[in-house]
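Chain naming follows the written order as A, B, C and D, and within any one chain the residues start at number 1.
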Amino acid sequence: MENANRDLLVIGGHEFSSRLLTGTGKFSSKRLIAPMLAASGSSMITVALRRVDPGAAREENILSHIPDSVTLLPNTSGAGTAEEAVRIARIAREAGCGNFIKIEVIPDMLYLLPDNHETLKATEILAKEGFIVLPYVLPDPVVSRQLHDAGAAAVMPLGSPIGTNRGLEQQPMIERIIETAKLPVIIDAGIGQPSQAAQAMEMGADAVLVNTAIATSENPVMAGRAFSLAVQAGRMAWLARTGLREKYARASSPLTGFLT
Amino acid sequence: MENANRDLLVIGGHEFSSRLLTGTGKFSSKRLIAPMLAASGSSMITVALRRVDPGAAREENILSHIPDSVTLLPNTSGAGTAEEAVRIARIAREAGCGNFIKIEVIPDMLYLLPDNHETLKATEILAKEGFIVLPYVLPDPVVSRQLHDAGAAAVMPLGSPIGTNRGLEQQPMIERIIETAKLPVIIDAGIGQPSQAAQAMEMGADAVLVNTAIATSENPVMAGRAFSLAVQAGRMAWLARTGLREKYARASSPLTGFLT
Amino acid sequence: MENANRDLLVIGGHEFSSRLLTGTGKFSSKRLIAPMLAASGSSMITVALRRVDPGAAREENILSHIPDSVTLLPNTSGAGTAEEAVRIARIAREAGCGNFIKIEVIPDMLYLLPDNHETLKATEILAKEGFIVLPYVLPDPVVSRQLHDAGAAAVMPLGSPIGTNRGLEQQPMIERIIETAKLPVIIDAGIGQPSQAAQAMEMGADAVLVNTAIATSENPVMAGRAFSLAVQAGRMAWLARTGLREKYARASSPLTGFLT
Amino acid sequence: MENANRDLLVIGGHEFSSRLLTGTGKFSSKRLIAPMLAASGSSMITVALRRVDPGAAREENILSHIPDSVTLLPNTSGAGTAEEAVRIARIAREAGCGNFIKIEVIPDMLYLLPDNHETLKATEILAKEGFIVLPYVLPDPVVSRQLHDAGAAAVMPLGSPIGTNRGLEQQPMIERIIETAKLPVIIDAGIGQPSQAAQAMEMGADAVLVNTAIATSENPVMAGRAFSLAVQAGRMAWLARTGLREKYARASSPLTGFLT
């Protein structure tokens, strides 16, 4: 157990006690965010710059619902090109949101899929400016290596399109990224059930980001706790190397000679 | 969270705080069983009658490794017919193992699959004798209803053949059993990863039994803890109704008008 | 190619040129049956005794739509017990439908799943009376061996519940039946697409029965042809041993030194 | 059936009678290529420029094994950048291989995955030079639309890494490409069984390219025939709209009142 406790996530030189990243979107009330963070233990949360309004009243300002102990991960939601993403990132830093930035460049309004090449371009520019860059991409092992060379601090491949709760549709390419990337791999988007979060960790992912499935459940605080436990479970399983698949059955109880 | 704490598993009128059942087989050392039980919080453990040797020295007697607070679930491992299963069950009760009995009737030495009809016959006999009967079966909704009528206290459909770690291969029929059975459904055999245990609970199973994957991992205590967290995570997700699958993406952050 | 042409299906000592069995249910018009049979080349077709009405006018009598070259496989649809299935089988033979009989014993009106044990009982009785018995079962390797011992001429495990078009949900148990059964294995029910029929044959099934997916398509004649081609394709692939899965990529074209 | 016969594949204004494209790699003997083409009816075949050696003796020259009726699709195998792909394409045209070109840009020697962005750059250049360009890509709906805008004549997303026979691992993104691309979609790489080829066509793909699974089977001529039948079967199923999946069973035979 102690090994697991010291098993920290490290991104851009910063240590995080939890491998569950969360988000601020889609909650029926902003007041659910703080108790969800407390129940889940999540230590990093993403927020769209658009939602950050420093001049707003305390209740309306989303930042007032996030404890200081939780690291802010502003994202470039709304950007359709590298240039737009770069502009949003700079504004976020000037607004006091810190050096972390999640790059989202989404030109596709049907499936909300990212443009990997524009994301790569923005990564290169922002990494040179000292940002800790976490690019959100369609899983592509070739692009993942290019992101490393461009200075990314982690890679965030999607499990399935955002908000679909379809889980690890992209498992084959994610596995190949985990095998070859020299960066932390954070699965982001599409994770709809704790089992899927656990599965990502069992495959060797370094962390997962879950937003929609927590925020839109009937009980976001309990859901946050559920995903937190699942991420821990999956990580422990990976550390303890459980579950090699077998083709044929193997008895767990003795099958012969029982009453000799 | 409090709802989850009072969300007890009830079998044969007995309440259990944990929805993770464990087993005693395949551990490299019997001394791992007690700390695994402590780490996992499992409150019911299955043991083959063959392994119960009341005359053995303390260290060798498997029962001495199981705390009194954990309910014993003797199984009829080794039986190939209903008649043999009935004999083993009676011996177990006489030996002081209590009223719970897990029926295993396995004539198939390649895949170790149960004989559903012989299992049904043994269930009927033993339920009449006052046993709390948990039959282990190949998932079959028709047989599950017959087991209910025969007096079973729960039904234990296999996820995949024992010891294979292949997970919920039998998901379609298990889902149909959960939809129609009037009994608690405990998934037993084949669960090799915490994610699979969580998935079973998200589907609406009442509990899971995990033995091989815990006992044969590199760290059975950590693995026990991992499965425990996963079972809780899956149960909470089911209670909080997370994760309806969507065909099309839905943004979690605002996508338009970000810099107007 | 010639090997494939002599690769006949043999059931109960009778040879069949096609490995696609079809059915008479659900067609919008009985007049579609004969051209569907011609397009598909199917040489065995199942018919519910209920539909056989020797006294009916030619157009209404379903038998008048089935060419003499196609073997009739009457089924016991409507039976809920072994006894009922036996009665239907005897009536069918007396009505001149021949010795083949497909046993269906279905007590479950929600999922329409068979009762394996009642099916086994009926098989034993009818095999002794000289019928060529094809029992329809939920895939269960233990029951499959018992059916062999009871005199069945083939075993017909379902791919998924009848009429669902969900394909080979039961693939794991079907594979185990194919590995161990000493009988021809005919996948019956749930096959909704030609790809699923091909997959069954690639796994080593001896034949498939397709009814709903052909009868309810927009063009049953073309659909019959499609399933026929798929069954041939899958069988040829099995004979030619195509497609061992590889974990890593292997180039099909030379990758280096192209312009030296 | 007649509709199916007139259902031609059109690429770059050219009509093809078969929706199965084949390749020349990995055959144990070049002499197998011509009979494989005859058995499969494939009317387009890809060949690495490296293999084209106009000065070779007739037996050694791969072009001598391809009938004039079959269209040559030279590929840029060996290219690691857009620039190299462009050079190979120009050489191929000058060598008399025609206007068709399949662009392969593969910098990844472990998984042999393409670089989508370099492929896009080469497409743009070669389309302007009058080539009929078929780019081979990791399935990405955003890139697919960019390829259309760059002048591609079709898009060739991979099913799974080349030579793995793992089938349609990339099904979710391929489905999204089929829904949104304004180009013919040809699934290329990873198809190892006829069932997988049929499945691609049932999903609405316009064609498939199969090389490894045919060339390395024990009987490439029979395998070519098998894939040809499967492609036709899948296409017919798509045209006849077979197989909507149902959650609950629907009887194909009458279930009640059989002996009233």
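The definition used in the following text is that a residue touches a chain if its C-beta (ideal position, glycine included) is under 8 Å from a C-beta of that chain, and two chains touch if they have at least 3 such contacts.
The structure presented is a predicted model; accordingly, all values stated were derived computationally and were not measured.
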Fill in: Maximum centroid distance from subunit D, chain identifier (CA atoms)
B
Practice prompt. Just send me the rotation angle from a CA overlay of subunit A on subunit C, rounded to the nearest 5 degrees.
Written response: 180
Discussion item. Taking the mean of the CA coordinates per chain, how far is subunit B from subunit D in Å?
Written reply: 47
Practice prompt. Determine the centre-to-centre distance between subunit A and subunit D, using the mean Cα coordinates as centres, and give it in whole Å.
Written response: 35
Worksheet entry | Approximate Å spacing (C-alpha centroids) for the pair subunit C, subunit D | 32
Worksheet entry | Shared interface positions of subunit D, touching two or more other chains | 110-111, 113, 166
Item to complete: Indicate which of the five shapes (line, ring, star, complete, other) describes how the chains touch one another.
Response: ring
Worksheet item: What chain-chain pairs meet the touch criterion?
Response: A-B, A-D, B-C, C-D
Item to complete: Report the residues of subunit A in contact with subunit D in the complex, numbered from low to high.
Response: 107-108, 110-111, 113-117, 138, 140-143, 160, 166, 169-170, 172-173, 176, 180
Worksheet entry | Parts of subunit B lying in touch with subunit A, wherever the complex brings them together | 1, 3-4, 23, 25-26, 39, 46, 48-51, 75, 77-79, 87-88, 91, 104, 106, 109-113, 161-166, 192-196, 198-199, 202, 211-223, 225-230, 232-234, 236-237, 239-259
